[in-house]
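Presented sequentially are two complexes of subunit A, the first with subunit B as partner and the second with subunit C.
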Partner chain A sequence: MSEAPPLPSLARNSHIKHCKLCLSGLPSSQVEMDSSRAAVGFYCLGALDLLGAKITDADRAAWRNWLWAQQTRGKYGTGFKPSTYMTPGNDSDYSEYDTPHLIMTYTAMLSLAVLRDDFARLDRPGILHLIRACQREDGSFSALPVGGEADLRTVYCAFVISSLLDDWSGMDVDSAIAYVRRCESHEGGYGQTPFGEALGGTTYCAVACLELAPSTAASPRETRMSPSHRERTIRWLLHNQTASGGFCGRTNKAADACYCFWCGAALSILGAADQVDSAALARFLADCQFKFGGIAKAPSERSDPYHTYLSLAALAIYPPPAADETWKLPSLNVLWNATTETARWARKHIPASN
Partner chain B sequence: MDELPLYSERPEWVDVVPIPQYQDVDALAPINYSEEYQDATDYFRGIVKTEEMSPRVLQLTEHIIRLNPAHYSAWQYRYRTLIALESSLEDELRLMDAFAIEFLKTYQVWHHRRLLLTALRSVDAAAAELAFIARALEADTKNYHTWSYRQWLLAHFNDEDLLWSGERAWTENLLERDVRNNSAWHHRFFFVWGSGVRKGDEDREEILRRELTFTKEKIALAPNNPSAWNYLRGVLGHTGTPYASLSPFVKPYTATSVEKIDVVDLDNPVPSEGAELPCVMALEFLADTFEQEGGSQIPKAVETWKLLANEFDTMRKKYWEYRIKEALQASEP
Partner chain C sequence: MVEALEAKKLKEHAKLKEYLALTDEVIVKKNGRDWSRDAFDLTTRVLHVNPEFYTVWNYRRHILVHGIFPTRSVLCTPPEINEILTTDLSLTTAHLKQHPKVYWIWNHRRWCLENVPVGPTEDDPDGWRRANWNKELFVVERMLDADARNFHAWNYRRYVLASTPVQRAEQAELTYTTRKIEANFSNFSAWHQRSKVLTSLWDSGKLDIKKSKEDEYELVKNAMYTDPGDQSVWIYHRWLVEPGNDYEILRREITSIQELLDEQPDSKWCMESLVFYHRLQLRNHSSRLTDTDKQGIVQRCLQLLNDLQAVDSPRRQRYIDLSTEVQKLA
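This part shows the complex of A and B:
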């Protein structure tokens, strides 16, 4: 084997700067984020958490307040909305067009855990009501109680929220599990919906769901994935690591930083983390670092909070061997997608029983 | 539309009370809105408040969607307005044709079409959609939303003559242009195996033969194509066909160079000249075949995995070593 050049440093400070800049404001060109700002906030805060960045008390208080202001109550239950982009005023109940959103509820709850909130304001029964309102006949969940996308991403969010609350009474677990299994494709990965092409992101969602949900009479946890299906999924995921060192999200596509997390995390859940080439993975992600901070989806592309966070999360699972200090990251709770410390905080403060 | 003044300056909107976005605390990741977007969304919030559903609402929501195609509330409100006004959904689809190309990567664009088609309840409209999708895929042959939409249409309307019947020829055409298009391979699996039995495909033995022949030809053309090998594995797994039945085909792909063959075996096309050999996926397939056969074949599987681990697929070295360990453990008496 030829001598590989040493791994460049992880530019921690410029990544912190990138995330703090995004938290302080986005340019008008980012207007498409209007309906998913709570998620953008989560990627930024999650990255700061992984990098151990200092957050001032003033920022912490302001961000918590904003996140709580997104918790909204109404006839479909309680949850978090993406932002106030459809909010006309401080009314008590939300309109049909300003309802809470499952993905935003998941990201806001984790963001508040990153900010070490005490969750005194969390409307737990209301959130369970929302989950119930979002589950559809086929077992999946729509992002909104009034409709919207329904696929493995929203199913995953409903599962994590239930897991965070440590209360699964908001859903029919068996029909949700059946939906997840229907998404498996012939390649071994899972599509976004039944019949869909195998995709890294939704394969992560699927294997996390199968692991997260408690055993039921019809579906004991150990039997949810047969050994042959498990092997097939592992095989497909590992084959997604391309010659560049990064993972692609679908067969025959180019590597993309976010799939280093989605595929890598799925492999970790399946107990195959030791089979990933972590040195090659880090080399690819090192190349994805943007010169002005943040991490991009591929070398010489522009960075964004989504790829920054997911790259760091991937590196937290797969620390490169023999790398310098800058690459040291805290351990990750792979199922919830938060640092172990943040997950511990969430476990202590979110469930109603506490 | 771009040259029109702000809504706040238009007399025909004077009866609407614009409502600014409510913000009482310092926001997280606030967006520095353009004046145009701010103005349009102020009027949109005003409209939603009064629950007005009128033609000008269609104009306003179209404007907002052009500025921000991910604005799902504008899409939602637009759809309900279309239904309330009993507007022509066909006309809406034609407007959406341009949107779909412009905002190809936006989920909402495809979700909206799905709602329209569901409301139209017309197989003819669905057939026209298949033609539209084919055009949209010209711009981005692997667009996930577009493919999902096609799969949904086929399953939802489920019409053999008008919908399913053209799928095979169409995907074959796509694979002819790019044999590595995994979306097309996936789609083939979906309509041949994953969604019931197509009209004319009732003889499953024959279909298995047809699919194997097709896949082998494509592998011969480009041996190092994981999409084709995954399809092959999928078909064998789905039909419970032992891997060993493919051995005569696979062997030449595991050799280090293209072997001269005197007798041409039409059932088992050999690697095209200049093919990069040995083919990693063929070696993997061969090892899996040995493992399936078990017993005295296990050492051969181990040898093949060693080749992959140490020479031909070193990135997955640890995986191949894991396979060796597992197979040896399983074969212990």
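This part shows the complex of A and C:
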């Protein structure tokens, strides 16, 4: 077998610069990210965490304060908003228009853990109340207590928040698990909603949810995925690794760096990580590095924090064999999607102390 | 070069300033419960720049309900409401073309549709709704022509078909999927939709499952032979075969795929499917098989899995693991 060319280096400093820049501001072309600022912040911070970047005390304090400023209380409970874009003043109470957002609550909590916050300001009962307010009759969770998208992504966020709090009293677990199962696709994997095609992202969400939730009488963990669906799912996920080495997110689509995480992480949870070609994966992601910093969805595309973070997270799960020091990344808690160290900190500080 | 960069920076700055001014204005108005026409037009401008600004969609709907619909001293007449909602649907069609995957736009359309009043007359109470819902199906079809794999559009299509006040025959949807599939066998979303429609028709007894499946095997065989490298077809085929309890059909399909493999010796999907179907034979029909038969099948699988390690090398480890599994069935 002929020798493959050596893997180029992971341009760590360049990626750190990209994320730090994005934390300070985004160009007008990204205006649609205004309603997801807390999520963008998480991708940047998560990437900095994985790369072991130095964060100044001033920055750490500023970002922590900004995040806490998004925690808001009201009739549907407490949670984090995406940003202050709908709030003119400094009210910590919200109206119907600027309620907290479930996904942003998840990203804010993880971001604060990255920043080693002590979570003294966290309104735990309030957050449980929010989860309750967001759960719908079909078991899913809406992004906002007043409506919005309700699919496996928001379900995943509700599950991780509960897991972080180590308190599942905010939801009807059985009903939520039943919803997850209704999203099974005949291809293997899980669609975004029932009847949908399997998607890499929501397959990760489903598989993580089924693993995260404690066993209940009606839904013992071992019964949540039939052996045939498990086999189908592993098969579908493995076949998503394309000739380029990267993963695609759906049957017959092109490889995209973020699916290296979504599909790769799902396979890891399902115990099939050893069947992934990690050398090919790293080669693909190496090619996705953007010359001005950050990692893009595909070679020759522009980078962004989302693809940067998820690519690094995928590499943390699948370190390439025979690669230089630049590729060494800390281990990842696959279910919460944070470094093991950050997860440890979260486990210590987020649940209510007895 | 520096001048060009400076100019770009200034333009960027101006854009941001305009956006922030707009959003500030909207916030002030909504806090003041401004339900005026001016406020409505303002939301139009903001949403044009940023359709993800979901609270502004909410505000827009509140303006319609509290401000614009009740414009006279009595509630706005149904024809006027229909007119306004139809206009909003037209407006958001343009948004959709620019942003085909933004949930909030689809969501607003749903709201508009669901609020179209009964009318125009007592004799024709569904006229307006039929018109708007039919147009909606047309819009979704255009979206799917532009991007056949837009799953938001497919989900929305399923919603429209389920919710339209005058129900279409499910068979019509089957025909739609046939059209999309024949246009492009790689359109997995169309195959997927087809599987959902068929399941529904079979469950309700509207189509005889046995006869229907035979038609599907014909369709799939045609697609398989046209492009054996297309994953969609093999997933659909597997869906037809599973759980693999009909021995005759299982054997027939194995023979058919083997014939294709003989013509296309490097086809990984042929090989991979054969392994899977042979395993189904061993798992589900071992009572029909002699020991010699079983040994033969196991050997065949091991041969195929060996070939697959070369032909589909990214998944080498999987095929090695499967070989171990298969040997246990010997």
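Quick note on the criterion: the second predicted complex is superposed on the first by the 351 of 354 C-alpha atoms of A that agree within 3 Å, B and C clash if a C-alpha of one lies under 4 Å from a C-alpha of the other, contacts with A are read in each partner's own complex, and residues count from 1 in each chain.
Just so we're on the same page, a contact is a pair of C-beta atoms (placed from the backbone, for glycine too) under 8 Å apart; a residue touches a chain by one contact, two chains touch by 3 or more.
Worth saying up front: this structure is predicted, and the values here are computed from it rather than measured.
Colleague: Look at where subunit B and subunit C land on subunit A after superposing the complexes, then choose clash or fit.
Modeller: clash
Colleague: Could you tell me if A:K17 is touching subunit B, subunit C, both of them or neither one (first, second, both, neither)?
Modeller: After superposition on chain A, A:K17 lies in contact with neither partner.
Colleague: Compare subunit B and subunit C by how many residues of subunit A each one touches, and report the one with more.
Modeller: B
Colleague: With both complexes superposed on chain A, which partner does A:R60 reach: first (subunit B), second (subunit C), both or neither?
Modeller: neither
Colleague: Per the contact definition in the header, classify A:A69: touching subunit B only (first), subunit C only (second), both, or neither.
Modeller: First partner only, subunit B.
Colleague: According to the stated criteria, A:S83 is in contact with first (subunit B), second (subunit C), both, or neither; which is it?
Modeller: It touches subunit B, and subunit C stays clear.
Colleague: Output check: A:E197 vs subunit B and subunit C. Expected answer is one of first, second, both, neither. What do you get?
Modeller: In the superposed model, A:E197 contacts both subunit B and subunit C.
Colleague: Do any residues of subunit A touch both subunit B and subunit C, and if so, which are they?
Modeller: In subunit A, residues 27-28, 31-36, 85-88, 95-98, 144, 146-149, 185-187, 191-193, 195-197, 199, 238-239, 241, 243, 245, 250-253, 272, 274-277, 280 are touched by subunit B and also by subunit C.
Colleague: Going by the contact rule set out above, which residues of subunit A touch subunit B in the complex?
Modeller: Its residues touching subunit B are 1, 22-28, 30-38, 40-41, 44, 62-63, 65-67, 69, 83-90, 95-98, 144, 146-149, 185-187, 191-193, 195-199, 232, 236, 238-239, 241, 243, 245, 250-253, 272, 274-277, 280.
Colleague: Give the list of subunit B residues in touch with subunit A in this complex.
Modeller: 19, 21-34, 37, 41, 45, 48-49, 67-73, 76-77, 106-107, 111, 142, 144, 147-148, 151-152, 155, 180-183, 185-187, 189-190, 193-195, 225-227, 230-231, 233-235, 237-238, 314-319, 322
Colleague: Which residues of subunit A touch subunit C in the complex?
Modeller: Contacts found on subunit A: 27-28, 31-36, 85-88, 95-98, 144, 146-149, 185-187, 191-193, 195-197, 199, 228, 238-239, 241, 243, 245, 250-253, 272, 274-277, 280.
Colleague: Which positions of subunit C touch subunit A when the two form their complex?
Modeller: Answer in residue numbers: 12, 15-16, 19, 23-24, 27-28, 30-31, 49-55, 58-59, 102-103, 107, 149, 151, 154-155, 158, 186, 188-189, 192, 195-196, 230-232, 235, 239, 242-243, 313-318, 321.
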